[in-house]
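Shared chain: chain A. Partners: chain B in the first complex, chain C in the second.
Here is the complex of A and B:
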């Protein structure tokens, strides 16, 4: 196996389900992220009053932080450097301090001259059965056993 | 008997991330598990493409692929089946404020059929408008099971059917390949074309089912 991949293409089958992984995002993690990102607190991601000003119930997890967290769930499974593309659709706001369930399901596999490609469907939901906060797809490039 | 997913979106809809071929591939995963899925009806948002032809893909994967649309109206989203050139000429599919009652009449006039989508959905479903006093004399069938809705929204749709006598269909409302066919409509008739779908809806001989109910034997 090359690079940091943990999986071979041959190990993956269409329909495979991974997780859901359960993560949560604490208030101070969002503050740290916003600080590094160059959008320091207080803002709608960190502050109740700022969030309410724009009609939100409370502070939310930034979209790019959600993307980073989803990427980490994928690379924890497939290995670093495997994610070639991540395309998420936000259907709701992602809350702080709540369990977030990230599910992955293999929805396509393909081999061509450029390599071995795996498409995964991604969903992020809350603790109760509900419409997902986030849906989308990730495209992975995986090494072959050959 | 025909099991059809009456509501799904391919990448032709801006919020979907599944190609038609990925749906057809994933149906093979369901079939391997013992579920019966005969076909899908693509219901793209606010559009209909007469030129696109899925017959080759359909034959390759052994799945019926029919085409409809999900249109925005002033009374919520509506699924339209058997779209003809004359209907497309009469109705502006991109008009998100179109009169839903007029759409239902126009569709029937041109040989099509309209089923209000996810009627129990909070804020945008038919139930909300009926609670405001709106009357829909030409509605006889609604989407009773929408696999993308919250459980309580599907319960509202079921209550609506029980109160009014409306018949109910089912669809996945899939936007991802792995969500295809989570709910399907079981028809008594054999259906291979859009006009046959309309005939089967008018016959009333169908019921909504979740994918688990399509298994001939229990699935592990």
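Here is the complex of A and C:
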């Protein structure tokens, strides 16, 4: 076990709610991400005109970048090396330069021979809480104080 | 009762592994990736801090390998719909990915299925990719769901 977890299994209880963490994504962050991804600007993720060509109101955050942002919120809370499974459904387009609310709720905790597991429900919403951009689950493996 | 729709695609792709790579995990890639998502965790940004925590070098955030799914997968020749979007993504990290790693990917068509909702019928195309490092250690399994709408 590496020493990078920020959270112990005993610190987590069923029903715990973390956040929502409020984040936003600036245009240049998406440009940088797309350049790594082999999808250089301009494209629907970086450019207003390209986005409008396919019926979007404006450029959107790529799905794999959205996942990276959710993962960052989780590791900000639990630490590096804790994510065992992150499974997200993209239900709406994620805009740039707008507040995004990432919430985590602990739905199960379990200890077995393989370790200490925490199951979480994940949401990312914009201004309308009951219309999430992203829903999903995460499974974390945490160290024990014992 | 679910709506039955007609859609055809290339079923011969099932059971076929598509290899891609190598993909070098450079410090530049990890640095730009962490900066673009605003991640300042020293494990992901500082090799010395990562080594002090027991890792071999600066660690890639757990979702980084999804960058390397670059559309090299074959066309399934789906005869349905016109509008396509990224419907979901799953990452299961198996082992740390660190700067200096050289990854290879093995992908296969996992499933093709339909769902009908308020906005109509959609076909989900799910690819599963396993990433391994230069030592043959599986470092992550990634699933990508592409959705095609009527």
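Keep this in mind: the second predicted complex is superposed on the first by the 141 of 146 C-alpha atoms of A that agree within 3 Å, B and C clash if a C-alpha of one lies under 4 Å from a C-alpha of the other, contacts with A are read in each partner's own complex, and residues count from 1 in each chain.
Here, contacts are C-beta pairs under 8 Å (C-beta built on N, C-alpha and C of every residue); 3 or more make two chains touch, one makes a residue touch a chain.
Keep in mind that this is a model prediction, so the values were computed, not measured.
By the touch criterion stated above, A:80 is placed in contact with chain C alone, chain B being left untouched.
Shared-chain residue A:131: touches chain B; no touch with chain C. Of the two partner chains placed around the shared chain by superposition, chain C is the only one that A:71 touches, whereas chain B remains out of contact. Between chain B and chain C, the partner in contact with more residues of chain A is C.
After overlaying the two complexes on the shared chain, residue contacts for A:43 are found with neither chain B nor chain C. Once the two complexes are laid over each other on the shared chain, residue contacts for A:15 go to chain B alone; chain C is not touched. Counting contacts by the rule stated earlier, residues 87, 89, 136 of chain A appear in both its interface with chain B and its interface with chain C.
The part of chain A that touches chain B in the complex is made up of residues 14-15, 87, 89, 105, 107-108, 119, 121, 123, 129-131, 135-137.
Contacts from chain A toward chain C in the complex involve residues 1-4, 23, 29-30, 32-33, 35-38, 62-65, 67-69, 71-72, 75-76, 79-81, 83-90, 136. Those residues of chain C that touch chain A in the complex are listed here as 29, 32-33, 35-39, 41, 43-44, 50, 52-55, 59, 61-64, 66-67, 69-70, 85-93, 96, 143, 145.
Residue ranges of chain B in contact with chain A, taken from their complex: 15, 17-18, 22, 25-26, 28-29, 32, 148-151, 175-179.
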